[in-house]
Structures are given as structure tokens and as C-alpha cells.
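To keep things clear, I will list the structure first and then write my remarks on it.
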């Protein structure tokens, strides 16, 4: 057997290569300069360059609908779109990381290196068309995340978060891997299309495959924080440095959901034998929405509140996934899911960005009281936060509204009205806690002179930009929705 | 009632059963041991159990994807061990013990 | 047939015993040593299943390097036998054991009921030169994954070093 | 372009206000700008053709074409006066809050303008999603108004307001989505246009609660009933009103509550004709209960604003009663009562705000003898009171009379009970008047000299247009109803197969 | 001047007066304000007279002057013009209103000269005049209703004119609210009529109704009339809604004279005279009206006997007299009702103004126990009051005699009437004679009980002139309605001009059955009765002043019952109003605050409780989290595999 390298394969994976190279450059510079931390801004620029080049390459390869490495990787719209979201999120998070007290220290170079490689892992997972590749990508970004969290200057809680995430992540990986082994055993291959084509048949006849498939989904559900695999999320989100939380809450979910979407595209949900699982998933969606929203209801820490809210958002997406999975009008569901990923990423990272801008120490854990007077001292930041929170609530004409609209549309279209109703109930609960920061910012008596410090300009700009995007795409959601539909059209 | 014939004819099922048992031991270690390093060992045990089933299935399926997977898993497990131990060291430096009960600050 | 069965059951017995010991002995160092034994046992199982290369890697990487790392760290900590090595809570403990057992049981049950797989002739056509095939696969289909694995190891290396250099880490400078 | 201008001009104004160099300019500039907006709105008198029931001055641009969602605005006789009312009240609110709003003046006026924009959009949107967007968006400025400039329990009130309204409207969103898909099934292509909804054949089974039309009907109705608010989902209103600053109360009562009743007229009645008819008794019952209940509870309120708020519940009960009488009298009366309520309750809130600014209390028990201390104020208050209790030749009478007439035609028992509202309305208002204005001097008047509490020229200027309207609308209702007649006739006569044509 | 312009002037003049005085309400110049108001009223009176002359010049069968200013409400088939009609009925009304009104305005100038806010007073008075004119001139029921509510409003404002006294403010409110109850009935009556006959226009109704009558289908008409009677009972102070009128005496006395005696309170009577064509179709309703009127008359008269406040006595007297009028309406004697309305307007206005003069002279003292022997201090007042007294107790040939006797005769003889009604009427007449004589006796006759620091003085001419004019009218006012039997024996055979005048526009009820002899004897009986009771009262209060106490003591509980006005107010407050207020508080507290809000909070609490549960589950223990995952897997798998 001849080993042949096809150039086109390398061109296709070039975004990851570019990211890797640019992540190494500042590290090399640091090492060669006697292990002395360089100007963090320069490091950031390297990172930006890597991301921009990767994004450019992603755009260039998008729509090619090719596979690479004998089908191990696939470059379709879904992976391309997800990749762009990931890169965008990474760029913003990197900006935050550079400006944050807890990550911008003598090890920012390492931080950036890990983050970019994290993205490499995520891109791998997004591209993956083979369970082996999926697993490798998943592990790469997971391990990078564990270490990044541990790298926080904050001593106690970040270590706890890192360790919890690590143990539970490994546990979930092992479960997922166990599932992959069953799938491999029953399908005889780890190739995703093989599995997808075999799934309807095997699900109906083979319990081992059923078990494997469920365990695989459990692994994904863990990353997405679906109840009851959500429990790590609040603790880890709260304990991690905020830039990383924003990255985790968005990028990890985006890539995991994209993979989930690939799985549900297998039409597994339409197999009668699998219906009980679909029912279970529906219940999980309901429970996730409830646990997320209810959990956020009485939180004092803003980060923890946002963590629970992100669980709730996972529940909404799960509705879309089920709608996409059960056939009929899958495009609506899939489009809804991808749109939700997009909108959720922008809103959530923006909201975390605001929080990170207000953290003055590495171990800051902002509460609602801390927001008092923000409306007076930092009006624009408060405005941005307001827009982002309203978008998370789903008030039109923000981006978040359209996210919910598309998801609920899919649910209604697929006859999953009861899920949509639970989604609505969850949204109503969410109104309360999303409005509380607004209350604190504008309506409660401000404490004197809390926010007199200068905001970090780059992050500040980024947050304002995100808020602007939230509004702008809310007003013009159609282009995004079309892009999203195009991205999933090949998968479904 | 015991089907001696089936018990004697060692096949895939036997290996799956073995891997299942080891996997569950690993799970129990993760879920019940308080020492974080033993918990890590539990994870390793789980991964090893998975490896066993992969190899068994590879034999069954007649291709090498399983082996590739095992190869990757081993490497990743090693890396995980490295990360986990580094974290454990960080913990130890702070608390002079590596008990999971120190990590109950974040809750609620 | 018979011999094979006896060999398997012996191996299985050892494996189960060792892995049980891993989780039950109070001294973590002993756990680590039992883990080494478990891994060696697994290596032989791999060998049995015709995965010689994997078996070798298992012995070298796992039983060798990784476990050395474990033991080293444990020695570094100089841990005594723990008085309470298991988490508290009877109900939760029971649930934990039960759920773990159920997962194993479900896997087993799944395998039992998946008749088609179980009855397939064991040890069908595994290509003779496993290692070569493995190599080819690694350099073709899984080349990218392999590279990613490399990145992973590099990232872990960098990350672990960085974590160790943190305040409170083993190599902290302040 | 006129309608779009009307909707988005306030946004521009908000930006202008935001960009003003000095805060002291905010009030005059806002006043002039809002007057300008009102003037622009008055262009409708020339551009709108009252003889036609069709949708006029239509603008349509694709927004989310995948779901058939368009930026689709238009005006007909039903939205006509509500648009004018919104535009008319905003300058008054600005003028009325000249001294009431002391902090964050700039932000307040920005909120006011954004609210105006949202209300304009709500009344002008013909696309369901667009409507929903404006409907929801209007919550935010009001939420801020109550929360930032409100009274002591403002946080509770504003939260309650927001959650209540949101809770209802989210179900409506689901119903809109369902209707959009229904257009796809029945017309082959998705459309969120209300005009297409009218042509839908929404399956209805009498007697069975769980049928499509009934469920959708209740999803819409819940949203609008909360907004109206109807008994028993009215409890957000007293709290919101009591805590809101004066202009907030004015806009809330005068304009925002109308969104609910307008929703009934625009969506519920024509889209779900069978269900509306089937459940008309239920809504009439709620309306009647609301009338009597609101009046009784208003009677025993210790707080003036709360009293007015409960009177709103009672008055809006009339509106609902009229709308669900589903005949020409009821519908016309209900529509007219919407405007009346806007004028008279708006004026009442302004008046309460004026006196509150001076005495800093709203407890009725602390007042007394105000008629001597503030004669002009008393006159204005009495005039508005008479409008509120529907004394003939004021606007309130026309509405109430037509509603009761229509109700009597539809169901005489309901009319019989609703008439109690006429009595109780007089009771609670006049009792309050008696306690506030008559009798010996109350504690709240404290050290004020004779007549020193009276309202000043600015406040008189705020009230004069309202008083003029009270009598104008009472004497010449045709001047107003003629603009809406065609649309209202169309709504009543063609309700079962309602259709809105496009002009041009 | 054409009639439209005349009607316009008639209506506008008081309105302008109102605006003029209203806009300068701070002014203390009573003379200017009074002059303007009186002038406005006088202009209206002139217009009325002119209209009357115009009307007279028209042929009998077509004596209608109509004008529609604009379409007021036009919805569907409901077309309500802002239209006015002057015909035989309304011309009498507007002559009374503007005539008596002008006099009372004039009187008020003197009466209110020392008040703080004379301009306001005259403004209200003019506004009242305007509304009253709208009421009687309206060519459809809704226009009548406009005036109906409008006069109620003015009544409210005027009763509460001295608002700093909470009792007076409360009286105003009581009047308005009680009226509102009636108005609600009026509304429903209108609705029934509208949906039965499709119109609210009086002339259309008159035209359409007989056709319905042919169908013999009168249920809705009966209901409509009963509801309208509720409205009339509110406005005209009949059982059960009369309670506001005595309290309404809290207003300035000219107000009592104008509104609560001469004009507004008679609106109910006017309404039924106007709707006579409809009413006659509803015999049951007529019966109810007649008996209610009779009972009201009796009840109020008995209460009148025990009162001590000069104005209260007059108020109860008014209620009683209104009862007479309704009795007349109820028995179908519409001209008689209208006639009594007119004569009553004269003598009752006179008596109120007289009492005003007394009160003015007594420095706002209203208790007749503190008066007595005033005739020597207040000669003009005394003489004119005497006229009123004679008129009201029905001594021929004073005005009251003719109208009251006409009613009693009709009650006896009309097919709708009965002996019982007559008997009640006669007893009432006796009571009237008693309490009116008592009033005279205690106020003007006998010894003076005036406290020494009060020096009664005769009123100024502005107050005297109206008294004199009204006194004359009380004497001669009845002569236009001389009953047939009397006319026959009088020289020149004066006809019953009044009845003939109204004949074309009121419904005809078949003639009474009764002989002239009977009529004469009844007439004699009632006059005799009045005379006896008048003497009795004189005997009680002038000759043997100790007797009333003895009699009262002898009657015991019955006397206390009557003295306390049958405890009706107490009943209303104790059993209806207060429970309603308490119930409202309870509703607010238990439904709004404690139930609906609590339900809302319950949702919040539920979420909060669930939040606590979530927080408990989220216990921070890594291994618990792992357990959740494992359990999740197990449960999911069990569900999936077990099905």
C-alpha cells in the first residue's frame, strides 16, 4: 500500500495548521528570549493574525464540500460555519483574556498558545467525519481548557474548577468512548457516514448499538451541559477566569452542538425503536430548560447566574435538535439550532465580556450588588449589557429573539408544541433573572465611585461591538439565517 | 441452566463482559474514592476497559480502526494523566493533601 | 478451546481482582501498583486478541511511563494510608455502586442480546501484519488525527509546565 | 414613507436628545420634537381616506422572507386614532413631567421617544412578527421608566409589569408561529402578514376545548388580556401605575393598555371568528366582572393613583365588553371608549401627578379641602372626573352608552350588570373627589396658603387640550368616529370572513 | 327670529352666563354675577315666551317647533340628532323653568350677596338652567338623558356648594349617586325601547308604539317603563330613591327652590308625560307607578310632620307632592300631573324662597323651634308664605287646590285608579295640611322663640320681588286648569285650558267613571279634611303648645319611627352601603391582594423552591456530579431498553 499525501488535504486543514503555527510563534519567541514574557499586545497580535488567517482559509475552503484524509475529515457548510463561529469567539475571548486580571500575567503566551490549540481541537471536531477524529479533537480542546483554567491567577476556585472539569470531563469522555467502542463493534467502522447509514437499521435490531449511540450522545450532552450532565457547568463557569468562561460557554457548546447536529442527521430519531430515547431527550430538554432557568433564579453571583442561563439555552437548542432529528422539516430545526448557536455565542460572550471588564481582581466574583451605579458611571457599558441581557431574554428585535423564534418555529412545525410551551415557561422565568442586572445597573441606589477606573479599551470595544451585532443582526436576521440554512443544507 | 458450552467458547461477549466489569470498577473509583490520584487511576481504568473492548471489537470487525483508536486513547490517557497529576500537584502544594473534599467551594 | 477458556478465565480473574484492589485498597500507592498489574494483564489480553503492537505499547507507555509518573507523584506526596478513603453517604454510595454495576450490566446485556455480533466467528480476518497496517492507517486516513495528537501532547507539555510554574506549582519561582 | 417616518422619527429624536450638549435643553427640545412628531402624525388627516376600510399608506419590505416576515406597515380606521392618540399624548407627557422628573432627564426623554416609536410601530404593524416585535419592544422603555423614575416599590412593580406582560406575549408568539405555518399549508407559502391570517381557515370544533382555533385564540387572548388588563390578570396594573412616574402612568394607561384591546380588534376577533363567538360570553363575563370588580376595589383604595388604576380596570372592562358584544354599537363604543380612556385616564394621572409634586403624598386620607386651596386644579379634576364617570356631553358617555347598548343587544343580563358600573363609577370617583377636594383642610395641604397649591400656567396648558378633547369628543363624536367608521363596519359585518384590502 | 334661532338663544344664553361667571369664578361681585346670570335667565324666559306665542299661532294639531343642530351620535341604525323640540309639553316646562328660574336667580342676588363665591354659584345656576332646558327640549330620549344627567351634575355641584362642610359635600354625592342608580334604570329603559321600537325619538316613538300595541305584545314595554320609572324615581325622589332629596337641602336655599322643588325633581314626571304614549301600553307599570307615588306621598308627608328643620319639612313636602304627581301619572292623568307640576313649581318655589328669606333673616338658623312669631318681622315673607301655605294645603281657589283635586279625582275615577289610591291621597292631603300649618305656626305665628342675639329683618327687594310674583302665581296659577265641574258653575264657564292645551300630545286614557256629584263631594271632603287638619295643627302648636309632646309621647315607638324617617337612611347605610364598602375592602384584600397576587407569588415561590432544590442538588461535590451522570445514563438506558 502506497502512502500518498494529497496536497488538497493539507490545504483543507490549513486553518488548523495556521492556528498552530501562529500559536507557536510567540511561545518560541518567549522561549528564545530567555523565557521572559513578551509584550502581551504583541502576543495578542500574533494570535489575531493566526485567527484571521485561519478564518480566511476557512472562508476560502467553505462550500467546497470535500472530504479529506480518505474521508476522515469533511469540509461542508456545517463545519465551515461552525469554524467561523469558533474563530470569532476565540478572537473575542483572546481579547478578553489579554485584558483580564486573572489571565494576563507572566503566562499569557502560554494561555494564548493553549487557546489557539484549543480552537485547533475544536476545528478538528467540527471537521471530523470519523469518531476517532472526533475523540481526538474533543480531547485536545478539553485538555487545553483544563489547563487554561488551572492557569488562572486566581488560586482557589480556578483550581477547583479545573479539577472538577477535568475529572468529570474525563469521566464523560470515558463514557463516550465506551459508547464509541460499541458503535465500532456493531457497525464495524468508526467512519461517521457508515454509522449514519447503518444507524436506522442497527438501532432497530441491535441493543449494543443503541447503548453505544446513547453513550455517544451522553458524551456530547456533557459538553453541552444538558441535564443531568450539566452539574459541572455552574461550578466550572463560576470558578474559571471570565474570559475562559466566555470561551467555554460558547465555543465548546458550538462545536459540540454542531457535532450533535451531525448525529441527529442520521435519522436515528425516526427509528421506532429509538422513539423512547427521543421522548427521553424531550424530557431532558424540558428539564434542562427548567433546571437552568430555575437554578439561575436565585443566584447572587453573576457568573453563576450566567452559567445556569447557559444551561437553559442548551435546553432550547435541544428542542431544535429534536425537531431537526425527527424528520419532516428538519431544515427548520437544524437552521434553528445553528442560528441559536450563532446568536447565543454572540450574546453570551458579550455578557461575560461585560462581567470581565468589571472585574478588578483575579478573584473577583461579581454579584448583582456590584453592578449598582453602572448605569451612571459607565453608561455605554451598561447599555451594552442591557442589550445583551434583553437579547438573552429574547426580546425583539434583538438576535436572541430570532434564535428563540426559529427554535420555537421548528418545534411548532414538528408538532413539539409542548416543548415550545415549556420553552416559553422557561423564558418567563428567565425574564426575572435577566432583568435583575438591569435593575441593579439603573434602578438601585448606586454606591459611590465604584466604577471610576478606566475600562480596557480593546475589550470594551469588543463588548460594544458584540452588543451592536446583537442589535444589527436582530434587525437583519435574514442574511444570517440564509447562511445558516446553507450551512446545514448538505448535512440534512 | 448454565450454558457451559457458551461459557467455554470464549468469544467477544466474554471480553465485553470483562471490559464492562473493569469499566464499572473505574467508575466506582471515580465516584467513590476521595484521593484525587486514585480517582485519576479510576479514569485510567475506565479508559483501559474501553481499550479492551475496542481491541475485542477490532478482532470481531476485522479492521484496524479499533487499534488506531486504542493507540490514540492510550496517548490521550497518558496526556490526561499528566494534566491530572499536574493539577494534583498544584492541589497538594496548597493543601498538603489530595482529597477531593477540598473542592466543594463552588456550589449552590 | 478448553485451554483458551481456562486462560481467559484466569486472566479475567486476575484482572477483576487487581482492578478491584485498585479501587479498594486504602493506600494510594498500593492502588497504583495494582493498576500496573491490571494494565499488564490487559496487555496480555490485547496480545490474546491479536493486537500485539497495542499490547507492546500498553506495557511500555502505560504500565511503564504513565504508572511511573503516578508512583512518582505519589511518592512525592508521601501519602499515608487514608483513614477514610471512600466518600461518605450510604445512599449515594449504594447508588454509585448500583449505577456503575448497571452500566456494566447494560453493556453485557446489550452484548448478549446483540446476537448477530456475538455469534459471529471470533477472530475473523485480521490482516496479518497488524503493525504495518496500523502504520499505514495512521499515515493516511488518520494522519490528521495523528498530527492533532502531536499538538495535544505539545499543548499538554506546555500547559503542564505552565501550571507547574504557577504560584503554588512545583516549579513556582515565587 | 409617512408611516415609517412616524415610527422611526422618534428614534431619531431620541438620538438627538442623547446628543444634546446640555441637559437643560433636553426638556424644551423634547417638547418641540414631540410636537413635531405630532404634527407629522397629523399629516394623516390629509393622507388617510376615511371612506375606505382598506389598509392604507402601506409599506412592505422583506424582512425575514424565509418565514414570510415582512416589514409591513399600514393604517386603517382602527389604528388611525390610536396612532394619533399616542402622538398626541407624548408632548403632553413631556410638558407634564417638566418638573416631575428630576434625575436623569435626558435618559427619561430618550425612553419616552423610544416608547413612542414602539407604540407607533405596534399600532401600524400589519405583519404579526413585526407587531410582536414592537409589542415587546415597548415593554423595555416602560420597564425602565417605572424602574428608574418610579416610587419606592418601583422594582417590584416594574418586574411584575414586565414578567406579566412577557408571560402572555410569549404564548402569543407560539400562536403566531403556528399561524405562519398554517399559511404555508393553506396558501403554499409562509406569511406572517395579518392580511393572510385573515384568510386562513383555522379549524374549529365547537365544544371541544383542545382544538386548533380555540388554543390559538386563547394564546392570543391571554397576551392581550394581560395587556388590557382584564380581570383576573390585572394585578400588575395598580402596582405599575402607583410606582410609575406621572408621564409613565399617562402613557401606560393611555396608550399601552390600548395595545391589548387593539390586539383583540386586529387579531383575535377577525382571525378566530368562530372561537371569538363561541367564547364571547366568557370574555363578556370577564369584562363585566372587571367593570364591577374594578369599581368596587377602586372605591376602597387609600391611594389616589391606585384608585385611578383600578378605575382603568373597570373602564377597560367596558371596552372588552363592547368588543365582545360583536355588534356595531359595542364595537364602536369599545373603540371610542379606548380613546376616551386614553384621554380621561391620561388626564387623571397627569392631575394626580401635579398634586403629588406639591404635597408628596397620594393618600386620600391626607387630603381634604383641596377645592379651596387649588380651585383651577379642582375644576380640571372635576371635568375629567365627569368624563371618567361618563356624564353626557363628555367623551366618556358616548363610549359607555354605545357599549352598553351593544351589550344589551348581545346579552341583556350582562348589560344589566354592567350598568352597575355606571353607578359604582360615580361612587368611587365622587367619593374620592369628596374626600380630596371637599371638607376641611387635610394634612397634606399643611402649611400651604390659600390657592398656593394651584396649578401653574404650564400645567394648565397641559390640561387644556385634554379638556377640549373631552368636550369635543363628547359633543361631536362623529368628527372622530367617521374616520374609523368604515373599518369598524367592516370588522363587525365581515367578521366571519374578515378581509382587509390594500388601498391603491 | 325663526324658532331654531330662538331655541338656540334660549339654550345658549344660560350657557354664556355660565361661562362668563365660571371663568371669573374668583370674583366676589355678587351683583355683577347675579345680574349676568339673571339676565341670561331672563333672556331665556323671553325666548320661551316668544316661542309660546309662536306655538300658539300654529294650528292645534301641529303645534311643534323642531330643530336639529347636528347629528350627535350616528352608529348603525342609532341616529341621535342634537335636536330640540318645542311643543305643548315642553313649552310649559320651559316657561316654568325660565320663569321661576329667573325669579330665583333674582332672589339669589340678595341671598348670595355675602357669599364667598357668588360667581361660582351663579355659574352653576346658569349651567343648571341650560341642562334643564336640554332635558325638557330634547327631541329624543338620549337628549333628555343628557339634560337628565346634566341637572344631576349641577345639583351635585350646588348641593355641595359649601363644600368645606363634609356633610354638605356628602349630601351632594349622595344626590348624585342616588340619581345615578336611577340613571342606570333610565339607560336600560332606553335600551329596551330602542331594541323594541328601533328609535329613541319621541315623535317616532309616539308613532311606532301604537302599532306595537296592536300586537298586544307589551312585555318589553312594561319592563322599559319600570326601568324608566326607576330613573324617574331617582330624579324625582320616589321610593326607594327619595333619600337624597332631604339631604339635598344642604345646598343654598335658592337651589332648593329651583332644583329641588320647582324644576329638576319634576323631570321624572315630565318624562312620563312625554312618554305617555308608551306608558299607557304598560298598565302594570302604571299600577306600580301609581302605588309607588301614593306611598311616597304618604310616607314623606308623615315624616314631614315630625321634622324641625324648615327646609327639611319643605323637602319632605316636595317628595310628597312629587308622589302625587306620580300617582297622577300612574292613573293616566297626565295633564293633571303636569298641572300639579306647574302649580307645585309656583308654590313650592315660593315657600322655599320664603324659607330662604326666613333663614337669611335668622342668620342661617333653620330650626323652627327657634323661630316663632316672625310675621311681625318679615311681613312680605309672611304674606307670600301664607299664599304658598294655602296653595299647598289645597284651599280653593289657590293653585294647589285645582291641581291636587284633579289628581285625587282622577285617582278615584280613572280606570287605572282605585279607591285605595284616593284614600292614600286624601290622607296625605290631611297630613300635608297638618305639617304645613305646623310649619306656619311654629315659624310665623305664636310667641317668638328667637334667641335674643338674632334680630330678624325683612329681605331686600331683590328677594322680595320674586316672593311677591310667586305668591301671586300661587294664587292664580291654578285658574288655567279649572276642572270641568267647577267651570260649569263659575261665571263665564272657564274651560280647563291646561288640559286642552296638552290634549293633543298626551296619550288619552278612557274617561273616568264618576258623576259630578261624586266629584263635588270628594272635593268637599278633601278640602274639609285639609281644613280640619290645619286647624288641628294650629290647635297643637299655637293654642296648646304642650300638646305635641304629649301626643308624641303617647304614640311612642310609632312617633320615633316617623321622626327618624322610618330608619330608611340607616337601613341604606347599615345594610347596603357599608356592607358594600366592607365587601369591597374584602374583595380587594382577599381576591386581589391575597388571592390573585398570592397566586402570582405562588408561581414565584414555586420557582424559588425549585431553585432551592436545584441548589441543593448542586452540592459542589464532584463525585455527586459523576453520580448524576451515571444515574442519568442508567435511567436513560433503562427507559430506552425497557420499551
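The first chain written gets the first letter, and so on, giving A, B, C, D and E; residue counts start at 1 in each chain.
The working rule: contacts are C-beta pairs under 8 Å (C-beta built on N, C-alpha and C of every residue); 3 or more make two chains touch, one makes a residue touch a chain.
Just so it is clear, the structure is predicted and the values come from calculations on it, not from any experiment.
Following the contact convention of this document, A, C is the list of chains adjacent to both chain B and chain E. With contact taken as defined at the outset, chain A and chain E are each touched by B, C, D. Comparing the CA-atom centres of all chains against that of chain D, the greatest distance is found for C.
Among the chains in view, D has its Cα centre nearest the centre of the complete protein Cα set. Ranked by how far their CA centres sit from the centre of chain A, the chains are topped by E. Note on interfaces A-B and A-D: more C-beta pairs are in contact across A-B. Mean C-alpha positions place chain B and chain D at a centre distance of 66 Å.
Our note on geometry: chain B versus chain C, Cα centroid distance of 5 Å, whole angstroms.
We define each chain's centre as the mean of its Cα atoms; on that basis chain C and chain D are separated by 70 Å. Chain A and chain C have Cα centroids lying 30 Å from one another.
The set of chain A residues touching two or more other chains comprises 132, 136, 139, 143, 146-147, 150, 155, 163-164, 167, 171, 178, 182, 185, 207, 210-211, 234-235, 432. Residue numbers of chain C whose C-beta contacts span two or more other chains: 87, 96, 99-100, 103, 106-107, 109-111, 117, 142, 145, 149, 152, 156, 159-160, 163, 166, 168.
In chain B, the residues touching two or more other chains are 12, 16, 23, 26-27, 30-32, 40, 56, 58, 60, 62, 65, 68, 72, 76, 79, 83, 86-87, 90, 94, 100, 103, 105-108. Chain pairs that touch one another: A-B, A-C, A-D, A-E, B-C, B-E, C-E, D-E. Put simply, chain E touches chain C in their complex at residues 621, 623-624, 626-627, 630-631, 633-634, 637-638, 641. Residue ranges on chain E touching chain A, taken from their complex, read 604, 607-608, 610-615, 617-618, 620, 622, 624-626, 628-629, 631-633, 636-637, 639-643.
Residues of chain D that touch chain E in their complex: 160, 164, 232-235, 238, 293, 296-297, 299-301, 327-329, 332-333, 369, 371-372, 375, 379, 386, 391-393, 397-398, 401-402, 404-405, 408-409, 412, 415-416, 419-420, 422-423, 426-427, 430-431, 433-434, 437-440, 475-478, 481. In the complex of the two chains, the chain C residues touching chain E come out as 87, 92, 95-96, 98-100, 102-103, 106, 109-110.
Of all the residues in chain B, the ones that touch chain C in their complex are 7-29, 31-35, 37-38, 40-42, 44-45, 48, 51-52, 55-56, 58-60, 62, 64-65, 67-68, 70-72, 74-79, 81-83, 85-90, 92-94, 98, 100.
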